[in-house]
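In what follows, subunit A forms one complex with subunit B and a second complex with subunit C.
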Partner chain A sequence: MNTTIKEQNGELVAVLDGRLDTAAAVQTEKDLQPLADCAGKNVVLDCNALEYISSSGLRLFLSVLKNAKGKGSHVFITGMNNDIRNVFAMTGFTNLFEFR
Partner chain B sequence: MDAHGQILMEEFRRRLPKLKELEAIALQRLEEALEQQHLEVTAIDHRVKKENSLAGKLELKGAKYQSIDDITDLLGLRVITFYTDDVDKVAALVAQTFDVDWSNSVDKRKLHELDSFGYNSLHYICHLPAGSADETLCRIPFEIQMRTALQHVWSTINHDTGYKSDVQIPREYLRQFGRLAGMLELIDDEFSRLRNSLADYRRRVQNLVASGQLDEVSLNADTWESYLQTRPLDRLNRRIAAVNQAEIFPTPLKPFLPILIALQMKTLGDVQRFIESNADDAYLLAVNQLGVTDLDILTESVGLQNLCIVQALKMGGGRPAIVRILDAVSTFGDNEVLAQSIYDHASALPFMNNK
Partner chain C sequence: MKYHITLHNDIQEVPQLAAFIDEVAEACGIDMATAMSLNLAMEEAVVNVMNYAYPAGTVGNVDIDAEFDDGKLTFILSDSGTPFDPTQTGEPDLTLGAEDRPIGGLGIFLVRQIMDSVEYRYSDGKNILTLTKNIQSNN
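Our next item is the complex of A and B:
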């Protein structure tokens, strides 16, 4: 699992690449740390190359969302494959996030 | 300006830094007091008098003031409220927060004759309470004006148009201003009455919901919110969560209201029956999807989303109805594939095959 953060058009973009399972979640949490300082910028979770997400991954997304909301920022998710969309729909996470 | 006026102006210039300091303190205390009481206002304006404005005042009536302390509006704050009742609430807060000089304060609302209408505002001359700040600051008077947004609009237009003009305003126009003031006073009262009626309505609905008289309550944004406070979906959500020993994360359920209305629910009684009659099928639909995963985190919308899908399918809506539900509750977009997958899961369940 590879995670890279970049700033693009005034937004913080996290590009997630690989399988975000329980084993990868600890390292991904560290990799997403720069998003904690998102005041004044929206956050984009780029899932175009994300193959799989587990409950640990959903919790990570949730903590990114909570932190961003607390700072007045929005979190957008982009490029989810159909399997991950299914996970979001069956857990009710679709209602929490904004999608592009 | 005469010599006395010039002395007062010199005193004003020396006092200016203190006035600025006082402005910041008074504003902060006023904002804190309003926030503590959760009192929302449209705006708080504040200013230290401009030198040219003071000069005009001194030229007109300089002899009236013995010392600079007699000019009580060198610092002015103005609280503009939404509702006329809130003017009195703000006034009570101001009296609690500052020392009010009652002999110089004036309620312009009470100065009108029974048949006259015009400037309506409450003016308090205040001091910071002794000992609550630097002693020099506590001795400087300042004015707080309190009025509604409509009163503010009227007085601003009236002020700009007539008050400072050198031209005498004809009587017919003055009468027009008076008529408008009367009309705005009526509108202010109507807004207050509407707010009170809405508060009564909400209390009545809450009582009906609490006593289970749900067929008496029509379904709308207010009543839906009241109904959700009775936690009608907890049992179903807990049942679904138990499948994977999942935790349930709170999420707003407001976006589901248009779906419930589209599913022809008119009262909270309809919603209650919708939950009762579809809960088992919604549970099976959720389990059919979640049971083959180890997902152990859900949101509170999971039960309601499945209830809506079940009801829509029972009404013969098919896959397009699922698409509409997904479109309404998320910004996903392009929900065709997802809807097909949910439809395939539902197709295997008894409620789709017992029609």
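Our next item is the complex of A and C:
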């Protein structure tokens, strides 16, 4: 699992690449830390290369969202595959996030 | 067909579980989307044991047996940790907004969503969780 953070068009973009399982979540949580400081910027979670997510990953997504909302920022998700979309639907996460 | 793997209570062994599930799914001719759901359900069930069955700092095992018979895939998880019945955990409220949604509490819910049956028993000092999934034939 690889996570890269970049600033693009005034937004903070996290590119998630690989399998976000429980084993990977500890490192991914650290890698997503720069998103905590998102005041004045929207956050984009780029999931085009994300192959898999379990509840440990959903927990990280929700933490990013809660923090961003508290700072008045939006969180957009791009490029989820059908399997991950299905996990979002099962857990009601589809209603929490904005999608591009 | 029967399959078996023993893992320790170490979440860094989750990728070994994924490899095992993929091997079982492939041998049973299970489609990729179903294999991914099975991976998710099994990760959640096994991680729950890894995180909570044994006291922190102690090493324990979780055994996973799989059997595919007559279109039904059965997984049996067993551990000799603290008695815990995951079928008795509460349902998360999926209607809450982001501000009110608690962090966590989705793992066992996902297990129940994905599998067709989840049964728990405690026997001979072991937690035994039996999970089944009916697999649709492609024929």
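Please note the rule applied: the second predicted complex is superposed on the first by the 100 of 100 C-alpha atoms of A that agree within 3 Å, B and C clash if a C-alpha of one lies under 4 Å from a C-alpha of the other, contacts with A are read in each partner's own complex, and residues count from 1 in each chain.
Note that contacts are C-beta pairs under 8 Å (C-beta built on N, C-alpha and C of every residue); 3 or more make two chains touch, one makes a residue touch a chain.
All values derive from a computational prediction rather than experimental measurement.
K.L.:
After the overlay on subunit A, what do you see for subunit B versus subunit C, clash or fit?
P.N.:
clash
K.L.:
With both complexes overlaid on chain A, does A:K69 touch subunit B (first), subunit C (second), both or neither?
P.N.:
So A:K69 only meets subunit C here.
K.L.:
Could you say whether A:R85 touches subunit B, subunit C, both of them, or neither, answering first, second, both or neither?
P.N.:
Only subunit B is touched by A:R85; subunit C is not.
K.L.:
In the superposed arrangement, does A:Y52 touch subunit B (first), subunit C (second), both or neither?
P.N.:
A:Y52: touches subunit C, not subunit B.
K.L.:
Of the partners subunit B and subunit C, which touch A:T4 in the superposed model: first, second, both, neither?
P.N.:
neither
K.L.:
Is A:F99 in contact with subunit B, with subunit C, with both, or with neither (first, second, both, neither)?
P.N.:
In the superposition, A:F99 contacts subunit B only.
K.L.:
Classify the contacts of A:Q33 with the two partner chains as first (subunit B alone), second (subunit C alone), both, or neither.
P.N.:
neither
K.L.:
If both complexes are laid over each other on chain A, which piece of subunit B (78-86, 114-122, 294-302 or 312-320) hits subunit C?
P.N.:
The segment of subunit B occupying space taken by subunit C is 294-302.
K.L.:
Let me check the overlay on chain A: which residues of subunit A are in contact with subunit B and also with subunit C?
P.N.:
Dual-contact residues (subunit A): 54-55, 58-59, 62, 82, 86-87, 90-92, 95-96.
K.L.:
Please name which positions on subunit C make contact with subunit A in the complex.
P.N.:
Against subunit A, the touching part of subunit C is residues 11-15, 18, 33, 36-37, 39-40, 43-44, 47, 92, 94-95, 97-99, 101, 103-104, 106-107, 109-110, 113-114.
K.L.:
Touching residues of subunit B toward subunit A in the complex: what are they?
P.N.:
246, 249, 251-252, 255, 286, 289-290, 293-302, 305, 326, 329-333, 337-338, 341-342
K.L.:
Quick check on the complex: what are the subunit A residues that touch subunit C?
P.N.:
19, 21-23, 52, 54-56, 58-59, 62-63, 65-66, 69, 82-83, 86-87, 90-92, 95-96
K.L.:
What part of subunit A is in contact with subunit B in the complex they form?
P.N.:
Against subunit B, the touching part of subunit A is residues 54-55, 58-59, 62, 82, 85-100.
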